[in-house]
Each structure stands twice: as C-alpha cells, then as structure tokens.
Amino acid sequence: MYSFRNDYSEGAHPSILRALGESNLEQTCGYGLDPCCREAAGIIREKCGVKDADVHFVVGGTQANLLVIQAFLRPFEAVIAAETGHVNVHETGAIEATGHKVCTVPTPDGKLTPALIERVIAGHSSEHMVAPRLVYVSETTELGTFYTVRELREIRSCCDAHQLYLYVDGARLGSALTTPGSDLTFPALAAAADAFTIGGTKNGALFGEAIVLVSDAAKPNFRWYIKQRGAMLAKGRLLGIQFRELLRGDLYLELARHANEMAAIARERLTAKGYRFAVDSRSNQLFPIVQDDVIRALCRQYEFDVNEKTDPLHSVIRLVTSWATPEEAVRAFVRDLPAADSGC
Amino acid sequence: MYSFRNDYSEGAHPSILRALGESNLEQTCGYGLDPCCREAAGIIREKCGVKDADVHFVVGGTQANLLVIQAFLRPFEAVIAAETGHVNVHETGAIEATGHKVCTVPTPDGKLTPALIERVIAGHSSEHMVAPRLVYVSETTELGTFYTVRELREIRSCCDAHQLYLYVDGARLGSALTTPGSDLTFPALAAAADAFTIGGTKNGALFGEAIVLVSDAAKPNFRWYIKQRGAMLAKGRLLGIQFRELLRGDLYLELARHANEMAAIARERLTAKGYRFAVDSRSNQLFPIVQDDVIRALCRQYEFDVNEKTDPLHSVIRLVTSWATPEEAVRAFVRDLPAADSGC
Amino acid sequence: MYSFRNDYSEGAHPSILRALGESNLEQTCGYGLDPCCREAAGIIREKCGVKDADVHFVVGGTQANLLVIQAFLRPFEAVIAAETGHVNVHETGAIEATGHKVCTVPTPDGKLTPALIERVIAGHSSEHMVAPRLVYVSETTELGTFYTVRELREIRSCCDAHQLYLYVDGARLGSALTTPGSDLTFPALAAAADAFTIGGTKNGALFGEAIVLVSDAAKPNFRWYIKQRGAMLAKGRLLGIQFRELLRGDLYLELARHANEMAAIARERLTAKGYRFAVDSRSNQLFPIVQDDVIRALCRQYEFDVNEKTDPLHSVIRLVTSWATPEEAVRAFVRDLPAADSGC
Amino acid sequence: MYSFRNDYSEGAHPSILRALGESNLEQTCGYGLDPCCREAAGIIREKCGVKDADVHFVVGGTQANLLVIQAFLRPFEAVIAAETGHVNVHETGAIEATGHKVCTVPTPDGKLTPALIERVIAGHSSEHMVAPRLVYVSETTELGTFYTVRELREIRSCCDAHQLYLYVDGARLGSALTTPGSDLTFPALAAAADAFTIGGTKNGALFGEAIVLVSDAAKPNFRWYIKQRGAMLAKGRLLGIQFRELLRGDLYLELARHANEMAAIARERLTAKGYRFAVDSRSNQLFPIVQDDVIRALCRQYEFDVNEKTDPLHSVIRLVTSWATPEEAVRAFVRDLPAADSGC
C-alpha cells in the first residue's frame, strides 16, 4: 500500500533528524529566541535579499496564516482569496475565528488576478460592508498551479493601487520554486509580497513554517500574536534547527525538485496512456480524470484522494508526490493503470 | 426632494409616539423585564401560535442576527446564506466578528432552495472545514422577493434532513406577510423556523426587532448574549411599548400593506411606461432598469439607490416605499419619468 | 412603590419627547449621517473645546465601551480598570468577547490612581503576557465617587509616561460635572482623555451615549466598528435630536444637578439620623449601611438594591436618584426611615 | 553556564528521538489519525482507568488550555482561576482571545479551594455578569505546590454543587505524580476532573500535551476546535510516538521523579545553608530568597529567573530542575552559594 495522498506522510529528511539528534542535550533558551532560530532567520533574510525582514517560525500552516492575517488587519478588514484558497476551504474557519471575513472569487485554476481582485474591491464601498485589505495567494496553489514572477508583480501593482497587503502562503513554496516553467526565486517573492511563508512541513521537515514579514505593517509585537494564539513552541530551536538544515545549502530546493520530478514522470506516463487532467498543473499535485472502476481497483494498492465526479463513470483523483516518494512507487502506479477510456 | 432610498427615513407611526408619551414618567424596571415587554411578548406568542417560544426585543437587525446565530452555533459551525444575504453583504462582517463563517451560494433571486443548501452541505465533510449548521433566509429577501409557505416548508424539511437550524430574518416581515401572492402567516412562519425576527424599524417603529426563539436550542441564557453584545436596552420598555402598539391590533400589517401598495402603484405605472425590472419583486422594493440620463434627471428631485449597470446606458435603481410614503409622492415620481427606451 | 434602583426608570425629559415628535415625519438619511447628528456633534465639539474631535452616537453604554476599547487596541493589548469598573463587573464579559483582557486592581473607592496603574504595568513585561494599553475610568465611578481635574491630569501624565490611552466612561458624566466639590468641566475632561463618553441614558434621554474621540488613534474607520458590532442605529437622528436637546442649552447639567441635589437631601437626612455610608459619595448614588429589619420594611414601599452585608444584622443599600426624582419621594423615604442603630 | 530557568531547555529523552528515527520513513495518515496516536491514546485510557475518555494530542500547553476551555464554555461563560494561574498570567490573553473572561482570586500558594471558588460564584448572579462555569487548576501549580487527592475531591464536590466543570492543567503533571507527599495517581486525577492534560514538553518530550476529555460535555467535534485553532499537527504521529514512548512503561514517572529529586537535593542543601523559601514547594520548582549580591555573582555561571524583591537587599529566585538536570550541576550550584544572611 503506497500513499499518494499528500506530501507529509513520512517523517523528516534524515539530515534533519541527525541535526536534531546532535544538539539534543544542549541547553538553549526557549520560545524561538535561541541561536538556531537566529541563524536560520539570518539565512532566510540573506537568501531572500531582505535585510530588514522579520522572520518567525511556527509549527503549522494554519497558525501561520491566521497570525499573519490577524497582524495585518484591523477587526473590520477582510481577506481576498480564491474560492479554492486554503484559508477559505480547509482551515475550519480559522480566519473567521479571529473575526475576519474571507471574501472569495471563483477562479478557473486557483489563481487570483488583478481583475478578480478588483471585482471584490468594487463590491465593497461603505461602512456597511467589510473593508478588503489583504490579498491571500498560495504558491503553489491548492490546484498545483503557480504564479509566475510577472503575475505576482501584476498582483503587487494591483495591491498598491488599492492599498492592499499581499500575503503569499508558501506551504508548498519549494514546489513553486522548482516547478518546470516557474521563474520564481526567493528574492522575487520577497520583492512582491508584504509577507510570505516558507513551508517546511510539506517539504521534508518534521513540521514548521517560516513566516517572513517584509513590510513593516505586521512587524510590531508579532511575538505577542504568536504566544496568544498558542503558536509559540517552547523548544523553539526545533524549528530553527530544521530550517537551518533545509536552507543553508540547497536541500530545500532539492527535495522539492524531487517531488516535482516524480509528478512529472506520472504526468508524462498518464498522458501517454490517454488520461486528461482537470487542472493543468506541473508541480507535485496532479488531478487526472480516471474511470471509477479503475479507481476502485487502484484503491486496493494505493492511497489517494478522490475528488469530484466529472460524469457518471469518471472522477478526478488527486495524486501528490513528495521529497520521499521513490521513483519505483510512481512507476508501479502508472504501470498498474490501464489505458484511459474515452470519457477520461 | 422625496426619498425612496429606504423604509426607515421617517420617525414612527404617530400612535407609537403617543404611547411612548403617555407612559413617559412611569417607573419600570429596566432591561426588558418590564410589564410592557411581557405584554408584547405575550401578544407575539399568541399571534404566532407558539406558547413556549421565548421572545426578546433588541434595537437593531444586525444585533438580532448576530445574537441568534451566535446562540445557535458552536465556534466551528457556520451559516448558510444566499450570496445576497444581509448577513453576508451588509453587516460589515458582524457574523464573522463573532467567529462564524458565512458559507454562501449564488442565487438568481435572493432565495435559498433545498438544492442550493445541499450544495453547500456537500462541500463540507470533515474537521478541516467548518460545519454548516444554520440556514439564514430573509423574508422578504434583500431583492424584494418572498418565500411561500410551501417553500419555507421545503427548506424546513431540508434542514431536518441535515440537522440544520432555520433562522428567518424578518426585518421586512411585514412586507412578506402582505405582499400580493404571499400566503405567509405568523403561525406558518413559526411552524417552519427555529427562530425568526419581526422587524419594527422598517415598518413604523422608531426602532426594534422582536426575536422569537421557537425551538429550545437557543433559549438558555439568551439574555446573557444580549447583554454581552451591548444589545440590552436600559429602558427596555421602549421596545415593549412599540411592539405592543404595532401588534395588539392590525397596525403592523396595515403599515406594511400600505408600503406594498405604494410599490404596486409604482410597479404598475413603470411597467405601463415600458420599464422592465432586474428582479421580479412584488413587495416594497422595486428594481427597475432605467436610462442613465433619466436617472441623472430624477436625482435632482428624488433620492434612491443606483445599483449595477446593465449596459453602458442603463442601470438598475432601487426604489423603496414605506408605511409613510404618500401616494402622491409615488404618482409624482412615475409622472416625472419619461417612457422607457428599448434598452430598459 | 417608588424606585431608587437606578437613574433610568422613567422615559425621557419632556422636551426630548417633544423634539422627537416635531420632527417625526421629516425624512432624513439613516445611520447617523443626518443633520441632527451633525448639529449635536458640533455642539459637543464646541462645548468641549475640541474642534478636531470625532463624535459618534450609540444607543448604549456597553456598546460605547466595547467600541472605543476595540478601536484603540490591537488583539494582544489589554485594559487597566478598577476591580469595580463597569467593564469588569457589569458587562457580561463584553470586552473579553472582543478578545481583550481586562487587568484589574482593587481600590478603596472605585478610583484608579497612577500608583495603581503602575502596579499593573509592572506586572507585564514580555510577550508571554498581555500588553496593558488603555486605562478605563468611570466618571462618576460605579461607587458614586468622582475624579477631580487634578486627579485626571495625574492619570493623564501616568498614561503619557507609559504610552497608555486614557478612556473615560461618562455614563454618569452629568453627575460628575455637577457633584458638589467637583471642578470637572467638558473642556478639562477633553484635555485629559483620549476618548470619553457623554451619557444620555442615565440623564434624561430615552437612550444614547455620545462617544468623543479626541486623539487620532481611534478615529479611522470608527463607523465600521459601529456597524460591525450592531451599534449603528438605522434612524440615527433619534440620537442626534436627543443630544442636541440636552446639550444646546444647559438641560444636561440641570437634570444632573437635580439628581445630585435629591441625593444630597437624602444624604443629609440619613446622616442626621445616624446612618453611615460604605462609600463617601456626593453624587446621585448613595451607599448607606442600614439595619436588615429596616431594609425589609422599606422594601414594601421602595425599590433599591441591597448589596453586601457589613455584619450579621446590617447591609449596604444603594440609592440612586435621577433627573426625574421628585423631592417629595426623597423626603418620604427618609421620613419613613427610623434612626440608625449603633451598627450602622 | 548551566540553566535552571526551566524544564524545557534540552531536546528530548534519547529513547524518544530513537523512536522517531526508527519510524521516520513509514507512511502514515496525518492529523493524529495514525496508529501511533491510537496506541498512545489507548495506553492513556488504560493508565487512567477511563475507557470512554477521548484523548487528543497537541503541540503546546496554551493550545491545550484554550481548546479545552473553549470546548466546555458557551460565549458568556467564564473561567475561575487562581490569580497566579497560567491562563491568567502567562498566555498573553489566549483565553480572552477566544472570548472568555478569566475570573481570578488571590491565593497564598497558587491553589484554589472550595471557599475561594465560592467567593467568585457568589459575585456572579445575573445576566449583567459573566457566568463562571469552569474551574482551572494546575497540577503542579505555577508555584510548585500540588493538590492532594483529597483536595481535588473537595474541589470536585464544590464543582458539582455549583455545576462547574473542573479542568486540570497537567503541564507539570509528571512532577505532581512524583512529588514527595503527593498521593496523586492517574486514575485519581481522571476520577476528579472533567478534563485534564498530561504534559510532555516539560517532562522529556520534544513537545506535546495529551488532552484527556473524561466527561462528555467537551467531546463532540473536538477535532474541529483543534483544526480551527491551528493546533492540528500535520504529522500528528510525532505526538503519538512520543506519548507512547513516555507512557507505555514508567519513563514518564522516572523522568519526573529525577527532576523532583534534583530539586530535593537543592532544597535540602539550601535549607542547610540557612535559606528560606517564598513558597513551600516540594516539586521541581524552588523559590528561595537570596541576597541580591549573591544573585549577581551566580548569574555569571547560572541562568535562572529573578522574581520579586522581598526587601531592599533580597529577592526571590526561581530554580527549575528537569529530567535532564545532572546531579553534578545541582551540587555545583549549591556549593557555589555562600551561606544565607539573616534577611533570607
């Protein structure tokens, strides 16, 4: 039984475990004020070319999202997000639980555009409505697509024109940085966003998201938010050690590239067998349309999500590869798959 | 300058002012525990045929909505509403400010249906998403349409099937009870809803919404919610006196009927002049499509909202009549209007 | 049965009712944007000598408190209040419901001092604790005492030294302005406070608190807060009309002075009969210590609160006089009271 | 430089790291639904003698506290805690951020009693005040003291009499279970509390608190709360593995006993040298009173917290020992300490 359900089914890359083990009995002060966190933050600032950015580390993505959003917004201000955005769909109302509305727009591919953002803005004109103030985008998106640097810059300009903050959820940032066709770099991201995260959980860490606050607006007292929301890890160095390990060399990109390559193999083979995809994604998430009876058969050997039906006999499935996916598992999966029928 | 902007531009029906004046120097206890509130609550229970309902009075509609919704829901539970629903659009995120997400669906006419409700339910399946738990409908809707008793019963059945509460925002309930074609009655409403409001502000009171809690779920400690949210009026009797005056006879229905009749006159004359309507509403809100140059001319003599454009030369306007609208004001308005052109 | 339970047992001063009646059928725009509110705001700005202050009107005191506090504070910031402060005791956690902690200190007389404030400040030093940021005082206090101008200035200096906002809850401001021994004036208050309220509910209005935002910090988008919290009155002019009537001449002070004078009569007569007081208050709230059997007898003719016991045979009662209290009611009450015994 | 600042300065007990390493590349499903979490939950249920308890694992103590409290309370309900309680002092208003007031009472030793609880209850009588509904106690307390089984049972009876929930914060539960003089056992705790936590962070885990929900009230949909508050760990098995390792044998108690023994040595030696203690604690937190000049000298070699001054020349310091404290570090510390002077 091999699982393609997500990119966090395994533990951590061995070098991370090793680093944790080596420092295990050293004493450090708690709560992210230790030397490891400082070092990791320095690496991130340098990699991103933002000397003045504040960097904080938290355990999970929902925490990162609600903390950043809350720090930027006043109580009547709202988020603009794609209808498929993680903060809208998959966080059990975490943003609303901090009091903020998430204003959504449907998108074909999970990506916001200036035109879509402006549609939301146009609908909010007085104190009888919330005031949209922060644009939330995921990179890569929940549908496996990515924003090019040019697209991010256009959104940035749109945000500037309407006095909006731009926050990029990088839970799968590694994948975005290494997807074929993507021209994204750390500095380009830092130049476009007011804040962004660098996701560790989905790219080889035990857990952890690095929050990078580029613009000053959310910086003051950010640690107060972290503590109040239960997101301050006592042994904060666990986060520093992991991000130091991932980012001081190229490990972060290598792991993500592997995941993308595994998906590319699957994609290429599936296409060869006649399968089409519900979304044209090139990163580590694929959404092929598969016959329901084939899905039933595959489920005996593989785990993956089954999403919406496309017709009475076919459904979209979601395949996710990871830093730990063995090439052989991918090849076995596509080998086990019969050719697509005409409804795929 | 006559205003068709809303149904709360004037003060109160004279008999309400008179009742407030007559009792002015009597001493009563505060916070809605006075004999006037008790009497008004009794009248409502009787009119609605719900002996065991709890009745509370608050000053405004947003208060009523956030109180009822909060009392029914646990923190991770959410509201289902039409995209045009008042709680979604025009309350500055009041529901989200209490921590609850509002899950919306587009509708052609501002009305939810079992199918639309089930579409939302189908999209929420695990602890990674909010749990939709309360259906919010407005009667009449924000687009001037209304639910028939049959439609309400079908929604009720849908709610029962999915363990949802049904809350009816009756800010314009008077209008719904007296719209031509509506078969709604107080008892029919009380039989369908878990809770509903009877709006005073938009039907001749200085202010006030009666909250009727039919099912037991939201009853316990409701006064604690009222107080905590700043919605407990010190001189609570002002609410009791007004609702007693509106509801002990037929004043409430008479005032609403007048508003509807004024709209019917406008509607009939506008139709005769060739105007079409963006929404087929029969209550006291009309949405005719008018030439932009005509709108500009009208604005010198009348106040009304101008909504979205339908083409480069035409827009939808919103006309609202009230208990206080003189027939002559309506007749003057439609007289001042030239015939529609072909784009209307 | 005459009630000394509070200062909001009756309706409104007749001249307020008259003003409401005279303008009843005029059309105005809603939500406090009407000419009456503008005029009342102008009167307040002039009376207080603060040209740049923002003035908003809301229906109730809990609303005013939670709105002002929320507008000044970020989510991790907290209020400093006396243990007896209204926001701490009598608002069902309304401040906490907006997410903010209320840090309290015991006081002998309901009044904060710089030393007490600094005791709270000293206890909060890092991101593991809330950050106290706003000082809440009531004028007059919940115990009927008042702050002199000098005391307010000392608190102001303390606030400046620690970067705290000073908010004065003036639910009983009229009483504070006219208590014998008080040197408070509107301009002196406005010079000391970052924000304060002028209470109408407890001084002759049907309802209403004027919120005066002196410093800029809470001004931006305050109407968004009002709407989000359900505190925006549709027929907002009702508030403007009432405050215009109370404040354009001396009515506000006259009504408060009457209440204070009625209390002074009671106080003088009670003292003559040998009663002592739990608090040395000179405003319209008195806290005499009375024999329990006398209390039981009085309860057959008068309403008032019975507070804590001082010994097995005596309790503190609370007597409140108002703008509407007839002198004869006071004289009858003290006449009906036997002499104090030695335990009072 | 050796730190006695807290009990979470090091990583994890080696056997925990080993267990994490051994299972590192196994695939499991996420979010705490994996076999390791199931196994750990089973061990806890058995150890506590509560077959029907629900067990959840979260990363940190603030998360555990806010989740449990929120799940038990409705919005107007409040917590009763000692003034020194962690939820009152050291969580940056996390409980208030979920909307709930924390009602506090001063205590001599950090411990609540039925009499103190009833003092709070007595002060809350109507809808104008919050409704206290949950008693929060820490075991051991923030002052290093502990509740005996008899004391817990008395609090339980008090809770039953007043319809209060009892929640025991076991961040240092290991210490409470092994402090000399304590008769606490897992089953005794489970029999007294409606919910409690078993702290891992301060007793040898990398991180982690086990939440044990004994009574049914907070059980439904608890995973929704976890997710909404950002407390659902993607690789949830990390928590299961750690708690399985700590609790399947006696490791949890052994580690805590070691910490307590190290403190006992320090305590005995300090007493022998003439030092007195601000609190009579026998667990792994000590609060000796030390001369300020001695403190200054010690700070060059040791880290520890310096709390309040007891007179101009002496202060209370806080020493915390842990599962990882070497006996030699303790002996060196007390050796380096000169004899107490008469002010200690």
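All chains are identified by letter, namely A, B, C and D, in their written order; residue positions are counted from 1 within each chain.
Criterion: a contact is a pair of C-beta atoms (placed from the backbone, for glycine too) under 8 Å apart; a residue touches a chain by one contact, two chains touch by 3 or more.
Here the structure is a predicted model, which is why all the values come from computation and not from measurement.
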item: Candidate from A-B, B-C or B-D with the same interface as C-D, over half of contact pairs in common; value: A-B
item: Comparison of A-D and A-C by number of C-beta pairs in contact, larger one; value: A-D
item: Inter-centroid spacing, chain B versus chain A (mean Cα positions, whole Å); value: 42
item: Whole-Å separation of chain centres (CA-atom averages), chain A against chain D; value: 34
item: Averaged-CA centre spacing for the pair chain C and chain A, given as whole angstrom; value: 51
item: Touching two or more other chains - residue numbers and ranges from chain C; value: 75-76, 91-93, 97, 99, 127-128, 130, 224, 227-228, 232
item: Chain A residues within the chain B interface of the complex; value: 75-76, 78, 89-93, 96-97, 99-102, 127-130
item: Residue numbers on chain A that touch chain C, as the complex places them; value: 70, 74-76, 98-99, 127-128, 130-131, 221, 223-228, 232
item: Contact footprint of chain D on chain A as seen in their complex; value: 2-3, 5-6, 8-12, 14, 17, 20-21, 23-30, 59-63, 66, 91-94, 97, 201-202, 206-207, 224, 227-235, 238, 303, 324
